[in-house]
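Note sheet for the following structure.
So that you can tell them apart, the chains are marked A, B, C, D and E in the order they are listed, and the count of residues begins at 1 in each.
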C-alpha cells in the first residue's frame, strides 16, 4: 500500500520534473523557462524527499527556488521581454542534428550502463535509520569530513560575488587612452 | 743525379709560380727570358743526369728518389717519387731540349701580345707537367702529370680567350683527355685491387695476367690514345691548332702528344701480358696514320695539315711500340720532335709574316720572300717524308722494318705503313709547293711585312735553324743495320721483342724511300707543274670523316638533352613540386579546421558533447 | 517503505542531464542556455542523492548541497555577463557573438 | 689545458657571439672583433693539431661532465683525427667568411656577426660531441642561425628558400631525434663511446634521413639550390663548405659506426643513391643557368661522391672521404666567395649576362681558374687525390661504382669548364661594366689563404688522408673505437 | 560532541596566502584612492604570489611523504606542492605583465583580487584528494577566470570570450560532476585512493563516469576535441589574463588529470591510457594544422597551446614514473614560454593599440631587440629546439612514451613538431625577415611605452626557458621527487 503510494508520488514528480525540464529548454520566452525551472526544482525536491534527503530538499527550495530563481527573474525583468523569434533555427544545419544525435547517444549510453547492472548491485539498498539526511547529520558531516569543502564553497560564492560586482557594475564612458572597442575581436 | 732530377723538375714550376705571383711587377720580356732560362736549366740538369747515368753499369741505371709520401690510405701509399732511368732521361732531354728551343722561339713570336706573361707562365707550367709525367716513379704520379699536361694544354689552346673557337677547342681537348684520364684511373684502381701498390717496380714485379691484364692494358691504352690523338680520340688535335703556333710546336708536335708512346714503352710489362691490346694498339696506330694522311691531303689550314701529319707520325710510333720495337718507337719520337717542331715553327714564321693568316689558298710564292724559312721548311718536309739522309729516314724505316718481324699481322702493318709514306710525301709536299713555290699570291704581297728586312727576329731564326740542323743530323744517331746506341741505351728498361734481319731493314728502307719519293713526285706534278689535274676533294675527307659529328651525337647531345630533360621533367616538378603539394594539402586542412571553429558557442559545447559520446561508447564497448 | 529502485532515479537523472545538454546545444538565448546548464547540474544532483540513498551515507547529499552553491555562483557570473550584454543593447543571441572565430 | 681544448674551441666563438650581441658597438668594431675571435679560434685549432697524437685511435682532448644523470646524458666532447680535420675546416672557412663579410660590410652588423660566431661554435660542437643528445643539440643549434642568416641577409627569394631549408632540415633532424631517444633508451646510455652497435633498421634509417638531407643526397636536395642561390655568398660558402659536411660526418660517426648490419643491408641502396646524386648533380650543374647553380649542384654531386667513399667501407674509402670532405669544403667555399665577388661587380650570376671578365682582371681570373680546375679534380690536385682514393675504395666494393665515378669526372670537367669560360672568357657580357675592378686587396686577402691551403694540400694530400684515422687504420678504428664494440661485449 | 578534524594549516598555506592577498586587494579596492590602486593592487598581488611561491617551495621541501590531511579532503605531497610552485610563479609573472595593461582602471584592484583568487583556486585544485574537492577547486578558479576573461567588459571581444568560456565551461563542469556522481555511486567512495581500493574496475557505470571525468578535465587541459573554446577565449581575453590561463590553468589541469587517473583509476589503466594517447594525437593534429594559416598571433599561440596539451598528454598516457617526471619537467619551460610569448604580444599590443598579427609584427625584432629576441627564443622553445628547455621536455616526453611501449606516440609527436615548425618559425620570419616599411605603427621608432616590469617578467621567462636547458639536473630531481609521491 505504502509502496503504491510512493510509486504514485514518484511518477507524478518524475513526469512533472521531466516536462518542466523540457519546458525550460523549449519555451520561446525566457520568463516562462524560468518559471518552468521553478517547477522542475520543486518536483526535484519531492524526489529528494522520497530519497530521504530532507535537508537537501529544503536547501533546494530555499537556495534555488529562493535565491537563484529570484535573481533570474530580476535579470529577465531588467532586460525586458526579448523573446527569440525562432528558437530552433539559425546556426549551421548540422548543429541541430548533431546536437540531438549527441544527446541521444549519451542518453542511450548511460541507460545501457545502468541497465547492464539493474537488478544487480544497483537494486540492493542500504538500510537507513530515521536520521538519514537530517540536518544534524548533514551539518555534522560539514563540520567533520567535509569541513574544507564547506569552507571552499563559501569562498566560491565570495569569488562569484566579486565577479558579479565587477561585471555588473555600470561601465563608465571609455577613457580616451582605451583600446578601441572590439580591438581584440 | 737525384738532385739533378729535382732541379730539372722544379725549375719550370718555380718560373711559373714566379711569373704568376710577380704579376705586373716584371716586364713581359723578363717573363719570357725567365721561362726560357729555367727550361734551359732543366735541360742542363737533364744532361747532368744523363752523364751520371752513363757512369753506371747498364743494369743499375735506375735510380728512384722519394721525397715524401704523396698519398696514403691504410696499407696503400704512393710517394712523390722521381725515377731516373734511361727512358726517363731520354724523355727529359727531349722535353727540356726541344722545349727550351721553342720557348726561346716564342719570346720573339709572342712579342707584342699583351698578357705575354700569362703565356710564359703557362709554358713553364707545361714543361713542369711534362717533366713530372716522364720523371714520375709511380703510376699515380704519372697520372698526375698526365692530367697536368692536359690542363696546361687546355690553358694554352685557350690562350686567346676572346676567341670562341679557341675556348671551344680548349674545352674539347681537355674533356677528351679527361676521358683518357678516367680510363687510366680505372686501370690504376684495378692494379691497386690486385697488387695493392702503384710504383713501377712493385707493379711490374707482380704484373697481373689474363683478363685483368687485358683490362688494365685497355685502360692505359685509353689514356695513351686520348693523349696521342689516335683513333678514336683524335678529333681534339686539329682543333687544338687554335693555340699560338709555338704551343702547337711544343705540345701538339714534340712532346705531349707523344706521351702515349712513352706510356706504352714505360708500362710494357703490363702490355706484354695482353697481346690482344698490343695488337689493338698497333691496329689503331696503323689506322690513324692512314686516315690522318688522307685527311691531311685536303686540309687548307697550314697548321691543321701539319697536325694531321703529327697524328700519322704518332701512328707510326704506336705501331712500333705496340709490336715491341720500343727503341725504334722512341727513336722516331726523338726525330719527330725535331722535324715536326721545325715544321711548326717555320709555319709559324710564315703565319707571323702574314699577320696571322693560316689559309694556304691565300698563300703562294712565299719562298722568294722568305728563303731561309723555305729552306727550313723543305728540310723539315724531307725529314718528315723520310728521305735519306734526313732524320725521319732512319727512325721511320726502322719501325717499318721491325714490323716485318711480327708475323702476318706485321705484314699488314708494313703495307699500311708504306702506304702511309706515300701519303706523307704527297701531303707534305702539296703543302710545300702551294705555300712556297709558284708566283706570289696577291694576299701575300699585300700583307707580308718583314721585320726590318729579315724574315723574323733573331730569337726566332736561330731556334729554327738549330732545329733544321737537328732534323738533318738527328737521325744519324742510330742506323739499325750498323749501329744502334738507342736500342742499347733502352735495353735495361725495355728490351725489344722484335729483331728485324738486315735484309728486312734494307727492304723496308728501300720501299719506304721509293714510295716517299713517289709521293713527292706526284705532289710536284699536281701542285707545282699543274700537269696533273687534282681531283675534287671528297666531301667525307673535308669533313674529317665525320668524327666530330659522331661525338656530338653519341656524347654531347645525349648529355645535354638528358640534363635539360632532368631539369625540366624532374627537378622542378618532382623535387621542388613535392613540397608545394605538401604545403597545399596542409593549407586545406588548416582552412577546414578554421571553418569548423565557427565561432558558435553552441558548436563548441556540441563538440564537447560529441567527444564525450564517442569516448563513452568506446569505453563501454572495449571495457 | 519501498519506492522504485535507484535505477529509475538514475534514468531520470540522465534524462535531465541530456535535456539540459540539448538546451545548450540548440538554444541561442543565453538566459535559456544558463537555465539548461542548471538542469544539467540538477540531473547530476539527483544522481548524487539517489546514490547516497542507496549507499546509505550522506556524502552524496553534502556534495549536492555544495553543488547547489556552486551552481548559484555560476549563475551569478553568467547573469552578470548577460546583463553586460544587455546593457550594450546587444541582442540576446549567442549566435550573434561570433567576432572570434576561424 | 689539453682536455679543455675542445671545450674552448666550442665556446670561444659562442662567448664572442654573446659579447657582440650584448655590447653595443659600431658595426666596424663588431666586425673586426668577430674576425679577431675567429682568427684566435684558428690559432687554438693549430695548437690542438700540434698537440694531437695521430697514431692513437683513441678519443683525444676529451672532457666529460654529467648533464642529467637519470638517463645518463652527459656533456662529453672530444676529437678523433678526422673530427680534428673537420673542425679545422670549420674554423678556417668561418674565419675567412667572417673576414669577407667584415670587408664587404653587412647591415645590422652586430646581429650578423654574432650569428656567424654562434654558428661556428655550434658546428664545432657537432663535430666534437660524443654524446648523442649533445650532438643533436648542436645539430639543431646550427639551424636557427642559418635560418636567420639566409632569411635576413639573403636575396629576393629568401623567404621561400628559408622555408624549404627549414622544412627539409627539421624533418630530418626530428626523425633523428626519435631514433636517438629509442636508441639511447634501448642501450641505457647516450654516450657514443659506451653505446654499443645496434641492428635496428628503423633507427638506422632515422639517423640516415637526417644526415642524407643535410649532406644532401639525391632525392632530398630540394632545399639546396634555393638556399645556395639566395643566401649571402659567404653564408652559401659556409653552407656548402661546412654544414653539408656535418651530414657526412654524422654518417661516418653514427650511421656507419653504430649500425653494422643495416649498413651492409642498405649498402647497395645507398651507393645507388650516391651514384645517382653524382651523375644527376653533374648533369644539372652542366645545364645550370648561373654560377651559383653550377656550384650548388656540383656540391650535390660531390657529397654523392663522398658517400660513395664512406659506404665503400674500406681504408681507401674512409681516408678518401675525409680528405675529400676537407678539400671540397675549401673548394666550394672559395668558389662561392668568388661567385659573390663576381656578383658584387656585375649584380648577376647568369652566364648569358657574364663573360670576358678575364681580360684586365688577372687576379680574379687566376683565382677563379685555379679553384675551378682544382674543383674539377684535375690530377695532382688535392681533390683528385680524394676522388682517386674514394673511387679506388668503391672499386673494391664493385667495379661499377668506380666506373660511374670515373664517368662523372668527365662530366665534372664539362660543367666546370663551362662555368669558368662563361665568366672569364669570350665576349664581354652585357652585365660586366668596364669599370668592374680586379679583386681588391680585401678580397685577395680572403681568397689567397684558401687557394694556398688547396695548393699545399695538393702537394701533400697524405697530410690528411694519412692522418685521418688513428695509425692510419680507418677500418679498424671504425669497427672498434667508433663502434664501441667493447661496450657491446659487456652487454 | 563533534570533534573537528585536525587542520594542517601549513598544507594550506599557499592557498591561504593568496586568499589573504585577495582579501587585502578587496580592501584596497574599497579604501585606496583610485589613482594609487594600480600600484598597490599590483604590489599586493605580487606579494601574495611571491609568498605563495616561497611557502610552496617550503611545503615541497617539508612533505617528504604524501599524506591526506584535513579529513582526507586534500593531500599534502610534493606533486601538488611543486605544481603550486609553478602556479604561483606564473601568477607572479602574470602580475608583471599586467601592470601596464590598459585595463578599465575602475576595477584594477578587483582584477588583481580575482587573479589571486584564481591562483588560490588552482593551488587548492592541485591538492584535491576527493571528487568533491576536485569539483569545488575546479569551479573556484574557473569562475574567477570567467570573470577575468570578461573583465574588459567594454570590449565586445572580451565579453564574448567570457561568455563562451563560461557556457562551455559550465557544460564541462556539469559533465565532470555527473561523472563523479556515477563513480561515487558505483564505488561508494569520494576519495581517490578509496575509489581505487574499491575495485569495480569493469563496472559499466564506473567506466561511463571515468569517460565523463576525462571529458571534464580534458576541457580544462583544452585537449581536442574539448578545446574549441580555447582559441576564442585566449584571443578575446585581456592578454595578461590569457598568459595566466595558458600557463597556470594548463599546469593545474594536467597535474590533476595525472593525479586523478593514476590514483583513482589504476584499475582501468588499459582503458584511459589508450584514450589519453588518442586524445593527445588528435590534439597534436588539430592544434598544429589549425595554427598553420592563422594571422592573429594570440590565436596562433592559442592553437599552439592546444597542440602542447597534446604533447604533455603523451607522458600522461605513458603513466609511468618517467612520464610523471617528464610532465612535471615539461610544465616548467612550457609555462615560462607561454607566459613570455603572451607577454611579448601584450607589449606589442600596447605599442600598436591594435591586435597583433603576423603582418604588423614585421620588423618588430629590429625595433625592440630584447622583446624580439625573447619571442624568437620562446618560439624555438615551443618548437623544441636545443638551448631551450622545450627540447629537454620533448625529449623526456618521447622517452616516457618509449618507456611505456607507446612508440607510435613518438612518431605522432615528431610529425606534429615538423608541422609546427612552419608557424613557429613563421613568427620569427615575420619579426626579422620582413622590413617594417608598410607598418602603421602609432608610436613606432619613438619611445615605446615604458615596459620595465613586463620586460622584467619576460626576462624571467627567458631565464627559465634557457636555464631549464642547461640546469636540467635540479629541475628533473624535483620532478622526480614529485613523481615519487604518486602511486606509480
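The criterion applied here is as follows: a contact is a pair of C-beta atoms (placed from the backbone, for glycine too) under 8 Å apart; a residue touches a chain by one contact, two chains touch by 3 or more.
Just so you know, these numbers come straight off a predicted model, no measurement behind them.
Student: Please give the intersection of the contact partners of chain B with those of chain D.
Tutor: Shared contacts of chain B and chain D: E.
Student: Farthest chain from chain B, going by mean C-alpha coordinates, please.
Tutor: A
Student: Using CA atoms only, can you tell me which chain is the most central one in this structure?
Tutor: D
Student: Where is the C-beta contact count highest, in terms of which two chains?
Tutor: Looking across every pairing, the one with the most contacts is A-C.
Student: State, to the nearest whole Å, the distance from the C-alpha centre of chain A to the C-alpha centre of chain E.
Tutor: Whole-Å distance between the two chain centres: 29.
Student: Please report how many Å separate the Cα centroid of chain A from that of chain B, as a whole number.
Tutor: 102
Student: If you average the CA atoms of chain D and of chain E, how many Å lie between those two points?
Tutor: About 43 Å separates the centre of chain D from that of chain E.
Student: Can you tell me which residues of chain D touch two or more of the remaining chains?
Tutor: 167
Student: For chain A, jot down the residues that touch at least 2 other chains.
Tutor: Residues 91, 95, 98-99, 102-103, 106, 109-110, 112-114, 145-146, 149, 153, 156, 159-160, 163, 166-167, 171, 182, 185 of chain A each touch two or more of the other chains.
Student: Hey, what residues on chain E touch two or more of the other chains?
Tutor: 132, 136, 139, 143, 146-147, 150, 153, 156-157, 160, 162-164, 167, 171, 182, 204, 207-208, 231-232, 235-236, 294, 422
Student: Throw together a list of every chain pair that touches.
Tutor: All chain pairs meeting the touch criterion are A-B, A-C, A-E, B-C, B-D, B-E, C-E, D-E.
Student: Which residues of chain B touch chain C once you look at their complex with the stated criterion?
Tutor: 594-595, 597-602, 605-606, 609
Student: Can you name the residues of chain A that touch chain C in the complex?
Tutor: Listed in rising order, the residues of chain A that touch chain C are 2-3, 6-7, 10, 14, 17-18, 21-22, 24-25, 27, 30, 33-34, 37, 40-41, 44, 47-48, 50-53, 55-56, 59-60, 63-64, 67-68, 71-72, 75-76, 78-79, 82, 84, 87-88, 90-91, 95-96, 98-100, 102-104, 106-107, 110-111, 114-115, 118, 122-128, 132-133, 137-138, 141-142, 145-146, 149-150, 153-154, 156-157, 159-161, 163-164, 166-168, 170-171, 182, 185.
Student: Quick one: which bits of chain C touch chain E in the complex? Just the residue numbers, please.
Tutor: 6, 10, 13, 17, 20-21, 24, 30, 33-34, 37, 40-41, 43-44, 47-48, 50-51, 54-55, 59-60, 62-63, 66-67, 70, 73-74, 77-78, 80-81, 84-85, 88, 90, 94, 97-102
Student: Give the list of chain C residues in touch with chain A in this complex.
Tutor: Result: residues 1-12, 14-23, 25-29, 31-32, 34-36, 38-39, 42, 45-46, 49-50, 52-59, 61-66, 68-77, 79-84, 86-87, 91-93, 95, 99-100 of chain C touch chain A.
Student: Where on chain E is chain C touching in the complex?
Tutor: Those residues of chain E that touch chain C are 131-132, 135-136, 139, 143, 146-147, 150, 153, 156-157, 159-164, 166-167, 170-171, 173-174, 177-178, 180-182, 184-185, 188, 190, 231-232, 235-236, 294, 299.
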